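Here chain A shows up in two complexes: once beside chain B, once beside chain C.
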Partner chain A sequence: MKIIETIKGDVTLLTLSGKMMNGPESIHLHPYIKELIEKSQTKIVVDMGKVKWFNSTGLGALLASYTSLCNAGGDLRIARPTRKIYSVFMMTQLVTVFKSFDTVDEAIESYETG
Partner chain B sequence: MTINPQEVHQLRAAVQELSILNEIATAVSSARELNQVVELIIQKCIKHLKVEQGSIMLLDEKKPDKPFQTMVRKVDSKVDVVPYHFGIQLSGWMLKNQKPLVINDFQKDQRFSIAYRKDFHIQSLLSVPLCLKGRIIRVLNIFNKQAEEGFTIEDQRLMCIIASQSAQVIENARLYEEEQVLLRMEKELKVAYEIQINLLPKESPQIAGYDIAGKSIPAKEVGGDYYDFIRIDDHHLAICLGDISGKGMPAAMLMANLQATLRGQTLFSTSCKDCLQRSNKLLFQSTDVQKFATLFYGILNTRKNELYYSNAGHDYPFLFSEDKEPRRLETGGIVLGFLENFIFKEQVIPFSPGDLLLVYSDGITEAMNADEEEFGENRLIEVTLKHRDELASTLIEKIIAAVKLHTGDAPQMDDITLVVINRETQ
Partner chain C sequence: MTRISTSSNPIYKISISGSEKHLERIKELIHFISTQHGLEDMEADSVEVAIGEACHNAFRHGVSSNRLSCVDLEVSIDEKAIKAVIRNRGETFEFYDIEPFNINQDFMAYKNGGLGIPLIKALMDEVYFERKPDNINEVTLIKYIKKKTKKGGE
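Coming up: the complex of A and B.
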């Protein structure tokens, strides 16, 4: 899994690509987010449009990142979840936890409206 | 024929060298453990080269700032230990120059002046690298030659031969030790596997009018999937099927924790949602943020023939009823261990004659073939419908066979678990 970071005002956009499943490669999202928190970057949008595979390991990384950000007074919002990701959110009922948006712009703008 | 005294001396020296090398080879061939082999080599060097002290330093590639660690040091007199910084300097020199080092007057040697200390009584030194496949793996050192002239060119030659012979022997001993550690771990993993197998139900509950079966196959020796049947009383049976995030030993340990928690909670209450709420809280308190579990928890009332259930973010089980589309059991809440005080919901559904409940883990539906195509819900439903009139245990085997047929030669990526409850037609 690859992470590309872009700063959009006071929002940090993380564009993920590749596989978010079994293996240590999917685990580095949480350490990455923790480093952002150290730099006071706590308004995060994760663009998941290019994530090829997603399972419970990927979900674990998202949950851990979400918890760390909330504890730091920030939030993690999801942009462009794939059908698979959305179905996992539905099944695990985490759709009520993660705010997700159809486009990256909508996700970024959502921070302006609160 | 006359032989001149110099030739006699050379011949004697050669015979002695051979006898030393032979003695070392014979001694180390009987030793297997690394420390034993290293100690023997050092002992023989001290004895035959007539020095006070010897050591072998091990190159540790995992610690670039501390490239060498002294493995074993054999002291033959009251000489003080080699200071740590000197070890670093020496190993640095050896890595850079890759050749033997002889110093016969240590105090005058500028290269290691920092290392000289009053309490560090070393007058002379001979160090040779131990190489394997062109790479230095260790350094063999001997200190303080007893003879006044110090180390000779013959000593250096002999040490180089000992080093070249020892490198592979020491490496073999190291590999042997590594193998022993791995074998011990493998043994422990087998014990863990046995423990986990014993946590799963040994046999299916026998209830008149019902045919019940369950099976779990971990992807590794131990796994994070689990299922359980808990008899609450004569007409209540709890059914659990859970999936801990991750795999292997960490998941297996949490699985055991969740199983114990649920077994305890089941005795307190026949409410599915209460049981999940309390288990969720306990799991939240005992896990880190990356760990969670999905769990289907149901209580079958075999007198009223009803199923109470609550689904904590687990793949929706299917209820197959005669002449109806399979129904997904979605009521419940989020995954366990994430939000401490989450309020779960529960539902009660009739369990009519001919109804079949299929609970499974995502190892079934997410099993991929070589083209990265998942087995998926549709295939699962198809196989179940095809074999739904067979015994619950047979249906489970048919589903597993279909998954294996789908994945072909690909290794099993995730734990696979299934529970089937079939109410017999009257």
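Coming up: the complex of A and C.
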């Protein structure tokens, strides 16, 4: 899995691509987020539109990242979840945890309204 | 892959040996079969993800400890449910001690993995584990097919 970081005002956009599943590359997301928190970058949008495959390892990394951000007073919002990812969010009630948006712009702008 | 079809209710038997490299294609096939038999996309996604997790676990905890073994997947479907049975040879584990995933848990518990079985239990309607002779682990996953509601409340 690849992570590309872009700063959009006070929001940090992380564009993920590739396989968000087994192996250290998925678990890498959480340490990456913790480094952002240390730099006071706590408004995070994760763009998942280019994530090809997704499983429990990727979901675990997202959940740990979300928790760390919330503990630091921030948030992790999801842009462009694939249908499969959104299905898992729905079936596990994670739609009530992760705020998800159809576009990256909507996700970034959502921080302006709280 | 073997398809045993004596009626409109097929049984697919797939043996996956050596590695997980074909697993994604198998999951796509399961999604296709599921939707062809009346599951909504969201439910088919759940079945696909759950079976993928179960197969991954079987590879991770079975094949790695015994390179000669493989994962056998049997998928059967009828008008009521889709059922998947995953068998592998490997170490046993306390399947029933693991709680289904729920959003009130401490998510940090999953930062290094361990979400596979909780996720399977959350995504499927019924999940069973049985330890069979000859160190065989058998996991059975069932998802019921909900009848699609027609527009206009018919």
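Everything below uses one rule, namely that the second predicted complex is superposed on the first by the 114 of 114 C-alpha atoms of A that agree within 3 Å, B and C clash if a C-alpha of one lies under 4 Å from a C-alpha of the other, contacts with A are read in each partner's own complex, and residues count from 1 in each chain.
FYI, a contact is a pair of C-beta atoms (placed from the backbone, for glycine too) under 8 Å apart; a residue touches a chain by one contact, two chains touch by 3 or more.
Because the structure is a prediction, the values reported are computed rather than measured.
After superposition onto chain A, the partners chain B and chain C occupy overlapping space and clash.
Legend: residue contacts after superposition of the two complexes on their common chain; A:30 is shown touching both chain B and chain C. Contacts of A:91 after superposition: both chain B and chain C are touched.
When the two complexes are overlaid on their common chain A, residue A:83 makes contact with chain C while staying clear of chain B. Judged by the touch definition given at the top, the superposed model places A:67 against both chain B and chain C. Once the two structures are superposed, chain B and chain C can be ranked by residues of chain A touched, with C on top.
In the superposed model, A:57 makes contact with both chain B and chain C. Counting contacts as defined above, chain A residues 22, 27, 30, 53, 55-57, 59-61, 63-64, 67-68, 91-94, 96-97 meet chain B in one complex and chain C in the other. Every residue of chain A that touches chain B in the complex is listed here, in rising order: 22, 27, 30, 53, 55-57, 59-61, 63-64, 67-68, 91-94, 96-97. Contact residues on chain B toward chain A in their complex (touch as defined above): 243, 245-247, 288-292, 294, 313-316, 332-335, 338-339, 362, 366, 372, 413-414. If you check the complex, the residues on chain A that touch chain C are 22, 27, 30, 53-57, 59-61, 63-64, 66-68, 83-84, 87-88, 90-94, 96-97. Those residues of chain C that touch chain A in the complex are listed here as 24, 41-42, 45-46, 48-49, 52-53, 56, 101-103, 106-108, 110-116, 118-119, 122-123.
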